[in-house]
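We call the chains A, B and C, going by the order they appear; numbering starts again at 1 in every chain.
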Amino acid sequence: MSGFLILNGLVNGIIVGVLYSLIGCSLNVLYGVLRVVNFAHGEFLIVGCFFGYVLFETFGIHPLISVPLAAVVFFAVGYGLSYLLMPRLSKADDPETSSFLMMYGVSLMLGAGMLMIFEADTRTLDFRFEPISVKIGVLYVPTARLVALAVNLLVVGLLTWFLYFTLYGKALRAAIMNREAIQVVGVNIHRLSAVAFGIAAGLAGITGVMISLVFPAFDPFAGPDYTLIGFIVIVIGGLGHPIGAIVGGVIFGLTEQMATVFLPQAMAPIVGFSVMILVIFLRPRGLFGKVQQR
Amino acid sequence: MAISAASEERVAAIRNGMWYGLLLALTVWFALIPAFGGNLPFFFYLMLWVTMASAFNIISGFTGYMPFGYVAFYGIGAFTTAILTKKLGVPVYFSLPIAGLAGVALSLLFAKTLKLNGIYFAITSLALAIIVRLVITNMPEEITGGSFGISLGSRAEPVKSFYVMLGTMLAALLTVTWLARSRLGMALKAIRDDSEAAEAMGINVPRARLKAWMMSAFFPSMCGGIEAWYTNVVDTGTAFDVLITAKTIIYAMAGGLGTVTGPVLGAVIMVWLDDLFWQRFPLLNLFLLGTAIVLLIQFMPRGIVGSLMQRWPKLRRYIM
Amino acid sequence: MLKVEGLSKRFGGLVAVDDLSFEVPRKTVLGLIGINGSGKSTVMNCISGLYRSDSGRVTLGGKDITRKTSHDIARHGLGRTFQVPRLFHRMTLVENLLTTVLDSRRKNAELVEQAEAILDSVELHGLRHDHGEELSGGQQKLLELARVMMFDPDMILLDEPFAGVNPSLCRLLIERIQALLGEGKTFLLISHDLTSIYRLSDHIVVLNQGRKIAEGGVEDIKNDPQVIEAYLGTEAYDG
């Protein structure tokens, strides 16, 4: 095995890994505050892909301008969805499992909806950066991937700053730690939940645009694959833990890309799932979570 | 209290009479379908979904787990049957029970996951189902037929497989009926409601939930096998289709998890609706299935039968 | 009957129970008191096997139950209630009681009859076909006691049995507990309601920050200056 391939795997692992971190962050903000595991996250992402795609194809809008636009639009939709879906759900016998199932329904709706609107064709964002690739050492890395890495790192940085250094972010983290206590302190949990849902959706929008830059193609069927990647990432990092998601994303990205270096293409997903199941049994609450079993 | 005991017996007699009467009527009706040239595929799949939803009810409605990879049992049953019948020439009447046992074996392999809490269990179960599919897809073509799957050749016998499906459905329904009134069933419900408290009351939680898990795995594997026999072909794409899990959950939930009649009613209504108009628009079908899930969870989380019982608690004593 | 030696339990850096020892002789009531967060419930959860203690030994009727699972301990004859009632909320009251006797060799009809008699004795017979979730808070406490009565263990752990219960139900609870005492049961009782605990207990252990700060008969404890300082001083805030 040549060192070149391994190096290539490492670089791609980090680029893809940071993207996965964003997927995980979104899922964990939502799970942390609302105890909702977003089964529809993959579809959210693909909608994000189409968002950037349509803006570019019809209005010629630069993908990097689509990023903040996606963030705002998706935030608003998520904020609204929270008020629409959450109040009844929180009264269910088992809110966690119910919400998981409900988001599966949303995922089917979005997947089918996209198929009806955009049909089953595979799409490619036909946008080229100049130069098309950059030479780093012995490797040529596509500029689009580097730009995506930079944007993703920026978003991760902003999210961390928001969660740890702003009042609202601290309230969100407090809600993740103890949902009951924060209501006693007089925080409006419904609005906070809506903000969390908005942030999760906004992150999905950004990630969606980034996916169309990092990966060569996307189609309406791809949603569940990304959802599963997200699940693996948050289980590795610990459910409901934003920082855990960042670490989990990078670990999984590296594992997956290195697996494609050493193993046949078809076997690579098995490695990812095996890592997840290993983590579940060795540290049931993930790398950053507390252990609790029944 | 003597009077109460007597009326109690009468209530039980009414309840059992209604339920077994319904079962008998259904059996006679279904058994006559092939002879009278009824819509064989419709009733075959109706029975298949009643079986799937009822078996799912054992681990979900009674025990409180949400196995999102439930399709794994179905898929393993389909492939076991196909490989045994086609590649090894085992008579199909032997391969089917073996397929059921293969499902039970798989459930034992996954038994450790029962320790996991709600959402972790659901995610792990989903991941395991995908792993099983990937492993079968990547097995040598001589065994599993690779991505093309296995054709059972001239072995399709729709009428015979129809009757075997009927028998399997009855077995599943009688199992659930027994369970609902048995001590094991009571232990399972206690585990569902509060597993720690159940343990403190002296219930052997790991043992009880393992039994439920195994029972719940046997029937979908049988279904997978019988369907393979019925359609004559098996491939990983359809045998491990996530939608099989989705439909099972939705049908069971629509009727009411944790009740015997709920999943039956849910499956009948949904399969009927499916046949009536959804099937003509495959895309819309998926969309409507998704919508049905969201609306159910929002407005009727306990399903039709469950909601009726919640509204009129007295019904609980008359409906299984 | 129940003997706890050197029991310790920590959660991360927090020491919840620190080297605690006490003994409950057969057919007596031990009251375990202390302010909120003093480790009372943790002690109970360690004994019943819900938590795994970090060190120490628990014996029940001479048998070591320290490392046993919760259901094994229950099978050894230990029944309990929970601070916040943990009923089987989607099972009928009769079923709630029957869950404790699933291994019994007796006939179902006979067990149902016994369950109904017990429900009658705690004035819940009229609700026997209702689901657990349909009960009021006080009724839930009664059902938990009824469940333990059905289970019929020799050693009974009661966690805050009187919290949030109105006076008339409270009287009924005390009556039932005294009847069980008459049948020769042994009790470990946790409560911060001192009136009822003084009335029922033979012996009292006072906990503060996971440590035993006093032990003795009811009169000794009532007059112990350390207890008044650590416990009753703050009781005033609770109203």
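Basically, a residue touches a chain if its C-beta (ideal position, glycine included) is under 8 Å from a C-beta of that chain, and two chains touch if they have at least 3 such contacts.
Keep in mind it's a predicted model, so treat the numbers as computed, not measured.
Averaging Cα coordinates per chain and for the whole protein, the chain whose average falls nearest the overall one is B. Chain centres computed from CA atoms place C at the largest separation from chain A. Chain C has its Cα centroid 47 Å from the Cα centroid of chain A. Chain B and chain C have Cα centroids separated by 41 Å. Put simply, the C-alpha centre of chain A and that of chain B have 33 angstrom between them. Residue numbers of chain A whose C-beta contacts span two or more other chains: 93. Multi-chain contact residues of chain C (touching two or more other chains): 90. For chain B, residues that reach two or more other chains under the stated contact definition are 196, 205.
Listed in rising order, the residues of chain A touching chain B in the complex are 37, 85, 88-89, 92-94, 96-102, 104-113, 115-116, 224, 228, 231-232, 235, 239, 266-267, 269-270, 273-274, 276-277, 280-281, 284, 292-294. Here chain C touches chain B in the complex through residues 48-50, 69-71, 74-75, 79-80, 82, 86-92, 95, 98-100, 102-103, 109, 113, 116-117, 120, 129-132, 134, 147, 151, going by the rule given at the top. Remark: chain B residues 1, 4-5, 183-184, 186-187, 189-190, 192-194, 196-205, 258, 313-314, 316-317 touch chain C in the complex.
Chain B meets chain A in the complex at residues 64, 66, 68, 112, 115-120, 122-124, 126-128, 130-131, 134-135, 137-138, 195-196, 205, 242, 246, 249, 253, 283-284, 286-287, 289-294, 296-299, 301-302.
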